[in-house]
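Presented below are the structures under discussion, each in the form of structure tokens.
Consider the two complexes below, in which chain A is the common component and chain B and chain C are the respective partners.
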Partner chain A sequence: MNKKLLAYISTLTMLIPVPGRFAYGILLVIVFNLVLISETLFLNVVKKFANNNLQTVIMAAFLISVSVFIRGISIFLFPVIVLQLGVLLYFPALSVFVISVMHNREEKSLKANLMQNIASGSLYSLLALLFMFFRDILGYGCISIPVLNGIAEIRFFNTAKIPVMCFFASLPGTIVLSTVAVVIFIHILKKIEIMEHAGVINDK
Partner chain B sequence: MITISKKKLFQDYGIFMIFLTGMFLALLVITLLSRKSWIEGLKKQVATVLEETYPGKYTVGDYVSFNSALNVSASCYHLNSSLTAGTLPESYVLIIRIMTIYGPMPAVYICNKNGSVDFIGFTCISRDMSDQIKSVSMNSTIQYWKLRIRYMLLNSEFGKSQRGY
Partner chain C sequence: MINNIFYYVLISSTVLLYGIGLNRITYVTRSMNGVFITAVKMYLVVPSTSVIGWLLTIHILLPAGIEPVYPFICVLLFLSISVFVETLIRITAGCSTAEFSVSFLFALIAINESTTLPEVLVISLSCVTSFYLLIPLIYALRKRMEICCITYDFKNDSLIYFGIAVFIMALSAWNISWLNPGVISW
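Our next item is the complex of A and B:
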């Protein structure tokens, strides 16, 4: 449970300093998954030719390089979003690094590691997208999606006239929302644990 | 005692150096290729904000390179007048990432020929929310960046003409 919780918090942390738009959530989740999958594939290659001392250095250099590469590609599509997010585009690499350190994948095969990462990455991505979805609705009263050279909005109501709603668009409001999200996640994990102990579901 | 053969050591570090060089070259290529998209994409955003605030008054000119570490979080252009046709003397429009209580926002500023800097608005956000963020940040972040941009441009080519050397 602790590992799952830490991995979830690590994923959530990359979203806290980001403006509360669903569009940025989509972009960061895509970056997160790309970095996670490429890290898993590359780790398999690195293990074959590099000794243990070099592995961590190579992996750190690789994660940074992949992030810079994805940033470069993103500039072709969404230059203004890249300008706005700045260093925040490198946060998914940090989350992946934390998750990678927590999970011991030494003895598993590439396929097993890949499947595990895709499964856990999808779960965290879904939770992250839900988090950004609610931030966008509550804070900005709309749903935004990334389009070429900017973002498109589907507006539901004007939050600028409701000061309480504007609070959720701000960073302090995001911290409140993220705390609520962590509490809900802990509650869900506890319920799953109880069900596992009772034999209702099998985690193996 | 663990002994590592020199051959194995050279092999490991050789592969590591080749890997680092390869990555560096790939990043260099992608950075150089994306430069044009960066300049043109941000120019469109600046033009949109200017058109919303001053309809038909300004057009955005050529990209201006300025000597600052903020180059990676900003982009500067000549400001042209739509009315008089041609570049306004020593006037610039700049898009820059500024940190507000709502997170980082791309803000557009105009730097006039007399050295004064005016905030125009935020991009990628609706007008209502832009006004809301502006009202919260006007006396703090926006004001700070006005002074910072002025200082930054005074230390660049623009500043030389202002100072007369």
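Our next item is the complex of A and C:
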């Protein structure tokens, strides 16, 4: 199984402490992808003049500075959301750093690295957005989207009538939901792998 | 001060409620080898980074009006202190204790949520303690699960996360007035 993809999936835990609103998920996914692309481009430059140990130090400082920069822009666009997220806005940078240190040391061309990271990042973003979507629906009975002065809601049902649903808005509920999502996703990946080995579907 | 210690260690544990180190704790508990050395490093690096970072933020960045860049200053500070301590540990103990994300986030939390210097120190130490207090619990849970016959799909730390969810509920249960109307309604 693709270990890098699994590393991406494990970073789903970055979304656990985030309030269970879709709007926050959108912002974090955007930050994650921006940091990931910057990391891929900068790592290509750093690899040319720094050894592995120095690369790690430079990349850590770079990723945090990119996060500070993105946070600065986000404060202008979504001040309320950034205020509520606080330190959590640095989580994507640290997740990208862990993935980078563990899996980006192979010698590949910039184009190949960029394509691979965009593909894995897109799959991760889709999973993360689906996760936040279900959290918002189950926990709050609505979908929220980021707007300039906070978040806008599209309400589907009143969760006060089904109090047990509030569990999914809480932290333990989120952990249970994320674990179930990861188990299902890994199960599907394993089935696909078995089918590839058996020649039922084409293995690239 | 005692309130801060209880708040960050138990009531609002940095690992359980802030989610910092959730991934790391499942990895660390696979083997208890080197946990003590890692703890020594974290207990040295996090408070020193937090204290120096807080002093720099309050006395240099804030008067200059550039306090939003404090994470960048902290990461530079953290890396220098961490590399120094790591070198000392490698020379003396001969093992690696490389770790970045969790320690750095602990330092950020301590700087972000404190108003005085003693508070920075207490919060940073409490954050590290909350992390190492959970390790024996999760390790015990893991050992217990190894005895049980669990299905293949749940062998990738999934049940550990369910266990963590139960820990959170157990810690928060004392903070809920269960006899209020509506708490147990269906």
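The criterion applied here is as follows: the second predicted complex is superposed on the first by the 190 of 204 C-alpha atoms of A that agree within 3 Å, B and C clash if a C-alpha of one lies under 4 Å from a C-alpha of the other, contacts with A are read in each partner's own complex, and residues count from 1 in each chain.
Operating definition for what follows: a residue touches a chain if its C-beta (ideal position, glycine included) is under 8 Å from a C-beta of that chain, and two chains touch if they have at least 3 such contacts.
Please read all numbers here as calculations on a predicted model, not as lab measurements.
When the two structures are aligned on the shared chain, A:Tyr140 is found in touch with chain B, with no touch to chain C.
Looking at the shared chain after the overlay, A:Ser122 reaches neither chain B nor chain C. By the document's definition of touching, both partners, chain B and chain C, reach A:Ala61.
In the superposed pair of complexes, A:Pro79 makes contact with chain B only, with no contact to chain C. In the superposition on chain A, contact is made by A:Val182 with chain C only, not with chain B. Contacts of A:Pro17 after superposition on the shared chain: both chain B and chain C are touched. Applying the stated contact rule after C-alpha superposition, one finds that A:Ser109 touches neither chain B nor chain C.
Touch criterion met: A:Leu171 reaches chain B and chain C at once. When the two structures are aligned on the shared chain, A:Ile151 is found in touch with chain B, with no touch to chain C. Judged by the document's definition of touching, chain A residues 17, 57, 61, 65, 68, 72, 75, 86, 171-172 lie at the interface with chain B and also at the interface with chain C.
Listing the residues of chain B that touch chain A in their complex gives 12-13, 15-16, 19-20, 23, 26-27, 30-31, 33-34, 37-38, 40-42, 44-45, 72-75, 95, 97, 101-106, 123-124, 126, 128-129, 131-132.
Those residues of chain A that touch chain B in the complex are listed here as 17-20, 49-51, 54, 57-58, 61-62, 65, 68-69, 72-73, 75-76, 78-86, 88, 140, 142, 149-151, 153, 155, 158-161, 166, 169-172. The residues of chain C lying in touch with chain A in their complex are 16-20, 22-23, 68-69, 71-72, 75-76, 79, 83, 100-101, 104-105, 108-109, 112, 153-154, 156, 158, 161-162, 164-166, 168-169, 172, 182, 185-186.
Contact residues on chain A toward chain C in their complex (touch as defined above): 10-11, 13-14, 16-17, 57, 60-61, 64-65, 67-68, 71-72, 75, 86-87, 90-91, 94-95, 97-98, 163-164, 171-173, 175-176, 178-179, 182-183, 186-187.
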